[in-house]
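Letters A, B, C and D mark the chains as written, and numbering starts fresh at 1 in each.
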Amino acid sequence: MDRALLISQVGNIFVEKMPFNRFLGISIKELNAESARIELPWQDEFIGNPTQKILHGGVISAVLDNVGGMLAAASIIHKLPDEALNSVPAKLATLGTIDIRTDFLRPGRGEYFIASATLIRSGNKVCVCRMELHNQEGVQIAFGTGTYLVG
Amino acid sequence: MDRALLISQVGNIFVEKMPFNRFLGISIKELNAESARIELPWQDEFIGNPTQKILHGGVISAVLDNVGGMLAAASIIHKLPDEALNSVPAKLATLGTIDIRTDFLRPGRGEYFIASATLIRSGNKVCVCRMELHNQEGVQIAFGTGTYLVG
Amino acid sequence: MDRALLISQVGNIFVEKMPFNRFLGISIKELNAESARIELPWQDEFIGNPTQKILHGGVISAVLDNVGGMLAAASIIHKLPDEALNSVPAKLATLGTIDIRTDFLRPGRGEYFIASATLIRSGNKVCVCRMELHNQEGVQIAFGTGTYLVG
Amino acid sequence: MDRALLISQVGNIFVEKMPFNRFLGISIKELNAESARIELPWQDEFIGNPTQKILHGGVISAVLDNVGGMLAAASIIHKLPDEALNSVPAKLATLGTIDIRTDFLRPGRGEYFIASATLIRSGNKVCVCRMELHNQEGVQIAFGTGTYLVG
């Protein structure tokens, strides 16, 4: 079976089969074994401030966690030997975030936002990703580090 | 002016004047200068898994960030001298999360959830809070550490 | 073979067989599958400030990492079935810190220090510990969260 | 007074006036308001493993904390108005690490190591730095995120 197709199917599961992600309205711009990029369009419901139109920190953490988790999933599929590709659903069922750190750099102001992830540790049991959130003008809003259970 | 009243007004701002928190539907169970406790009722829109009814990690981080931020706000008010209490709105306008770490311990399964916070560092510029999330049966689901700018 | 004896032997490896820990001069006060406690005596070489006699942050992180790692090791031994106890050396060879967060609460001033750890997540592949550092008078100096690979 | 000279003097304080840093034997390769780079030569006393010649995690955290702290100090000096440069000693006396996260990526094996830092948030009260540790062959060993009080 085609690995790239499997990775794209897993991306669709994140976007379409998780109700909270449907609420967020994220879409995938890039997803492969090395990097991931998703887009979050602005919604007034994301506001986390009484007077300013800026993203709630929880929305930021959620988007960073999503993009890191997708990349961790893609890296699992990438490393499986051919004969084990039918174990992807079982492997993904155990995928989970162990811990995540979000650093909030600037107010989350924008029309839409791009969250990206790169893999900095890719083990058999644990992956670590670095994530970034920028708005449509390239202003960096947040930075994250996530540790994912993949074994 | 009454400090306890001010603290309770600030709690209301978090719950009622921030659209994302209205979406979450959180309510305050306790809020004073030492500790804070909020409740999150289950909603299907919070699901962050394709097959299981468990909270999305972003919802968990959001609730932990909220309860820590409320406690940081209450501690600001608690420490202001009487003659400075009218500067509360200005002080709160600069309140913000610098960074947050969430440790996910168990799947977020429950009918409702309690997030609590305690202050572990209370400075003039920075507060650090430890937060916990339990479900209605007392099962601990997550643990957080948040650093807040309060100066 | 006796599990408590094995745990105590592993504690000795941390204290006696790791050169940096010999430099630190730590000793074990308690080590079992639920909690760990070690003591660090003051040394002038630990100073991390040009004018004040306070611990370098790196010494604090090192001691917190040690006490969390010891507890992770003890919990591995505790959970092994009897017939697998001879695999302890192999298991410990793969034990490692994935990530650690240290929150510095107060200047590290004291005659000696106690670092303690409790297990907050105990899985087959990953353990998470919370750690604390107090001085001999019970003043809390730092707080840590560590994620350990144990599988 | 010359800002670059002041920054270089502050670097010397880190390297020469802090006993734990003298123990580490670090030296400065680059230090300005945008980035910092220090070198750590191997010493057997840094070993944190009973059987392998690899760095103790505490040594890694210490070096990352140092390079981030130096950069935070340099950025304070860089932003002070000319007429406030004589307040540098007072400002530096309040400089401190609030929290640090270290992600351990690979065993700390090498002849010498380079720790580098870049500023990702530079405020009046708080700075956030990202740090990396590589060995002499460019293999990345660890990654850090540090929040520093600079106000």
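Convention: a residue touches a chain if its C-beta (ideal position, glycine included) is under 8 Å from a C-beta of that chain, and two chains touch if they have at least 3 such contacts.
Note that the coordinates shown come from a computational prediction; the quantities given were computed from them, not determined experimentally.
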{"item": "Chains contacting each of subunit B and subunit D, listed by label", "value": "A, C"}
{"item": "Chain pair, C-D or A-D, that carries the greater number of C-beta contacts", "value": "C-D"}
{"item": "Rotation angle (°) superposing Cα atoms of subunit B on subunit C, nearest 5", "value": "180"}
{"item": "Averaged-CA centre spacing for the pair subunit D and subunit A, given as whole angstrom", "value": "30"}
{"item": "Distance from subunit D to subunit C - Cα centre to Cα centre, in angstrom", "value": "24"}
{"item": "Shared interface positions of subunit D, touching two or more other chains", "value": "98-99, 101, 103, 121, 128, 145, 147"}
{"item": "Touching residues (chain side subunit B, partner subunit D) in the complex", "value": "98-99, 101, 121, 123, 125-126, 128, 145, 147, 149, 151"}
{"item": "Touching residues on subunit B, where the partner in the complex is subunit C", "value": "101, 103, 105-106, 120-121, 128, 130, 140, 143, 145, 147"}
{"item": "Subunit B-facing residues of subunit A, complex", "value": "13, 17-21, 23-24, 44-51, 56-59, 61-63, 65-66, 93, 96-104"}
